[in-house]
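This report concerns only the one structure given below.
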Amino acid sequence: MFTYALDERTVLRPLTKEHVQPLFELIEMSRDRLRQWLPWVDSTTEISHTEQFVQSALKQAAENGSLTAGIWMDNELAGIISYHEINWTHRSVSIGYWLGHGYEGQGLMTSACRVFVEYALMELDLHRVEIRCATTNRRSRGIPERMGFVLEGIIREAELLPDGYMNHAVYGMLQKEWKQLR
Amino acid sequence: MFTYALDERTVLRPLTKEHVQPLFELIEMSRDRLRQWLPWVDSTTEISHTEQFVQSALKQAAENGSLTAGIWMDNELAGIISYHEINWTHRSVSIGYWLGHGYEGQGLMTSACRVFVEYALMELDLHRVEIRCATTNRRSRGIPERMGFVLEGIIREAELLPDGYMNHAVYGMLQKEWKQLR
Amino acid sequence: MFTYALDERTVLRPLTKEHVQPLFELIEMSRDRLRQWLPWVDSTTEISHTEQFVQSALKQAAENGSLTAGIWMDNELAGIISYHEINWTHRSVSIGYWLGHGYEGQGLMTSACRVFVEYALMELDLHRVEIRCATTNRRSRGIPERMGFVLEGIIREAELLPDGYMNHAVYGMLQKEWKQLR
Amino acid sequence: MFTYALDERTVLRPLTKEHVQPLFELIEMSRDRLRQWLPWVDSTTEISHTEQFVQSALKQAAENGSLTAGIWMDNELAGIISYHEINWTHRSVSIGYWLGHGYEGQGLMTSACRVFVEYALMELDLHRVEIRCATTNRRSRGIPERMGFVLEGIIREAELLPDGYMNHAVYGMLQKEWKQLR
Amino acid sequence: MFTYALDERTVLRPLTKEHVQPLFELIEMSRDRLRQWLPWVDSTTEISHTEQFVQSALKQAAENGSLTAGIWMDNELAGIISYHEINWTHRSVSIGYWLGHGYEGQGLMTSACRVFVEYALMELDLHRVEIRCATTNRRSRGIPERMGFVLEGIIREAELLPDGYMNHAVYGMLQKEWKQLR
Amino acid sequence: MFTYALDERTVLRPLTKEHVQPLFELIEMSRDRLRQWLPWVDSTTEISHTEQFVQSALKQAAENGSLTAGIWMDNELAGIISYHEINWTHRSVSIGYWLGHGYEGQGLMTSACRVFVEYALMELDLHRVEIRCATTNRRSRGIPERMGFVLEGIIREAELLPDGYMNHAVYGMLQKEWKQLR
């Protein structure tokens, strides 16, 4: 029912149970590329796994105030963006995202991510937003770089993916920086 | 972040933790009228009660797929509309709603309710929507009546309110009826 | 161990774990008729389903103060009667019941139901008892009618059974009415 | 609603929420004597403690199949008898009991206990029933002794009561023994 | 990481998840003898059962303050010793233990048990330690007897094992006795 | 009961409920310095807060396999070292630590930390250990630096402390590096 318009063809929608089917289909269609970067892809082999993911995302939203949204283009699900668990003590959050096959390279995720950063720092009044990308994932790293995030470090061999351990590039944006950049 | 536009000045937003403060203020401002019709008003005396309400609404949404939304007019919270627990076995749901002081009589709730009925019957594919109003609450009863709901019965002394037990008028709308009416 | 005598041959007993076996046998024996009116019959295919039912009935009794009893005739289980969840805020409860094959037409359920209505209104001091029957289930509707319940409405297509959606006849009895009738 | 008649004036009733008030009153009235033998008496100072006890007894009954009953004489609550948690693996249970002020010395508890032993060994088909009494509580020890239980040991300083650590006399009855004695 | 040295070749270690594999292997190797005395052996047929045991022992330790340790000889797991649930109200605990095939008859368990009794009575300041052995398990009974425990009773047919119901010899040691004996 | 000896005067002990009292006393005594670096100090004002900390540390240990230990010098509690939640998917863990007033500057924590790194990488077979220190906490940063950890980044304004937001220096050690260094 609810949307946030990114442009005339594209909207964000909060993830709900009704989205399990299109979400699983998008994963199926994009499996080859996604598994390089997302550790859960190879163990998501049937729709019930996606149901569990949606259920646990909604549960975390209820308890923590975090949020997961679908990116919809021409009424087709194109990708997912979410706040991981919000740290209310230190007022920080990290953002994760992925796009399905065929939706890359059009600026979709940069638009969506801009909304999530704005909402975290200006509406939720958080102090810091973090984005972590595998160092070799150039496309993913372009997103925080285009928005003006600062590269703060390279965390070595932080994540186990099918091709082995990946280094993480850590990008940070502070509230005061965003106020000047936006 | 997310909205559903009812008209140029009015939107629905899914209820979130950020809405606790305006929600409690709206209750405070509208206490005299609301307590006639809503059994929880007199026991909602501090903001933590509203926090608990929001928390439990989000938890039910996560588990059951139900939904609670705020109605916002000119960026002020005007009222609340929600699905009570959805019965997925028999594919039915009931809708509850209330408006704060000063927002009645402008057709706001009929617009919002129309969206909730449409979504329940056409998107969630439910079979039946029910609305229950105290028989003496003429304003509230006008909403299902304007939308073409059928009055199915008067359940006697079903609800204990400050002025005593109230009769419930039960209104029903079936999916097949809605398809013809909308 | 505990009983409530309805007459010389018939007693009510609170449902316990020891009754799982006779309860499942009664369902097995009465399956053809029961499935017309009770949505859970077709999915009760093995004794573990009945175990789960008994477990959840006992758990609800512990938490809510509700009650499920077996009706025993000549030491054989004949049927079940229960309070659904008691609404302590509005002081109301609904009663559900069914008889196994061969036990209908002897007034058993009317006697049992009279005890449950009396206990709800006079011992638990509830304000209202409700009974809902499928409109086409003449035998079931006879019970509230013989006890003087008021038919308050016909809730359309409220329950999905193997033959399709059924209308519900809603019957109500108030405490003050029962005091005059009993 | 449900009863088990011990004699014309006395019945057992399964403990329910409705009994919280008379149970707390009986404890209040009998406090001086009970506190010598029951470790929970001094910390049961308001009715909410008794509510919690009833709630937890019902919860254990739902999960474990155990049972707590009130002994009622002339419609007044006289005492409590219960199965502690049933050990279904080794098929054994222990029984606990107490009488309020003014109800001792009339054989009430021996009658009630006989029913609980019979039900445990013959209906629940348990293998062994155990009763533990403080060695200096002559009245309490008389009950298993009159029923033919065997004294199996004296467990030293097993229980901390207001007057210090008490020894426990342990009495046992096996199913095969009961079949011959009853 | 952590140890308590019993002698130059033997240490106690608190049970952790890393010990699941050697523990299951020890059970496998010792199955014939253990099943005579331990009711859980025949239902421990795969490593996941041992995982569940370790998990529940750690959970009880977290909630209750109890403890389970492995006895390690020359870096091989030889057996298990544990406090069952500690009764903090009456300040008592019982100790259970077993040795794997090939580790009996060397005084290992008497040494380990001495440490557990000392810790319970002198560090945790408990009032009473209890050990229960099947009456026919001479080797097991030797341990409390060598340490000076008092035989307090024979609880008849208390435990169901593959060869039938076993009597339990109950041994007790009080804090004041241990202070003189140690 | 259990220990790991660091040297003749100093041992590690797994944290248990018996340590609540000395732990709270150490915090009380060291409050002025600790509050500069640890966000929980100012809200730890009574012993029940420390009880809750110990309880939750033990619960996490039971569920996750992580570990919290006290550092004891001459039988006095000197400080705490712990694994935060172990990430078994990516096989990494971070280590946190602090010393009480009067125990700094003697190499105590470097010794303790060496044991925790060794155990994580060689016994638990983790791939990576991380240590995060406030950039201005020179003493704390000395520990990973002396052990040969690599400084991987400066995460800006990551933690809210009484003096404001602190930057985090992130240090990493990989299993393969440790094998060469130890």
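Order of writing sets the chain letters: A, B, C, D, E and F. Residues in each chain are counted from 1.
Quick note on the criterion: a residue touches a chain if its C-beta (ideal position, glycine included) is under 8 Å from a C-beta of that chain, and two chains touch if they have at least 3 such contacts.
Every value quoted in this text rests on a predicted model; they were computed, and no experiment measured them.
Contact with both chain C and chain D is made by no chain of the assembly. Here the chain-to-chain distance from chain B to chain F, counted in touching steps, is 2.
The fewest steps needed to get from chain E to chain F, moving only between touching chains, is 1. To overlay chain B on chain E by their CA atoms, one rotates by 180 degrees, a value rounded to a multiple of 5.
Note on C-D: its contact pairs, compared by residue number with those of A-F, B-C or E-F, agree for more than half at E-F. Of all the chains, the one whose CA centre sits at the greatest distance from that of chain C is F. One finds 51 Å separating the Cα centroids of chain B and chain D.
Here the spacing of chain A and chain B, counted between their Cα centres, is 32 Å.
The ring of chains, read from chain B with the first step to chain C, runs B, C, D, E, F, A. The touching residues of chain D, when paired with chain C in their complex, are 1-4, 12-14, 16-18, 55, 58-59, 61-63, 65, 67, 69, 115, 119, 123-124.
Partner chain D is touched in their complex by these residues of chain E: 39, 89-92, 127-128, 130, 150, 152-160, 165, 170, 172, 174.
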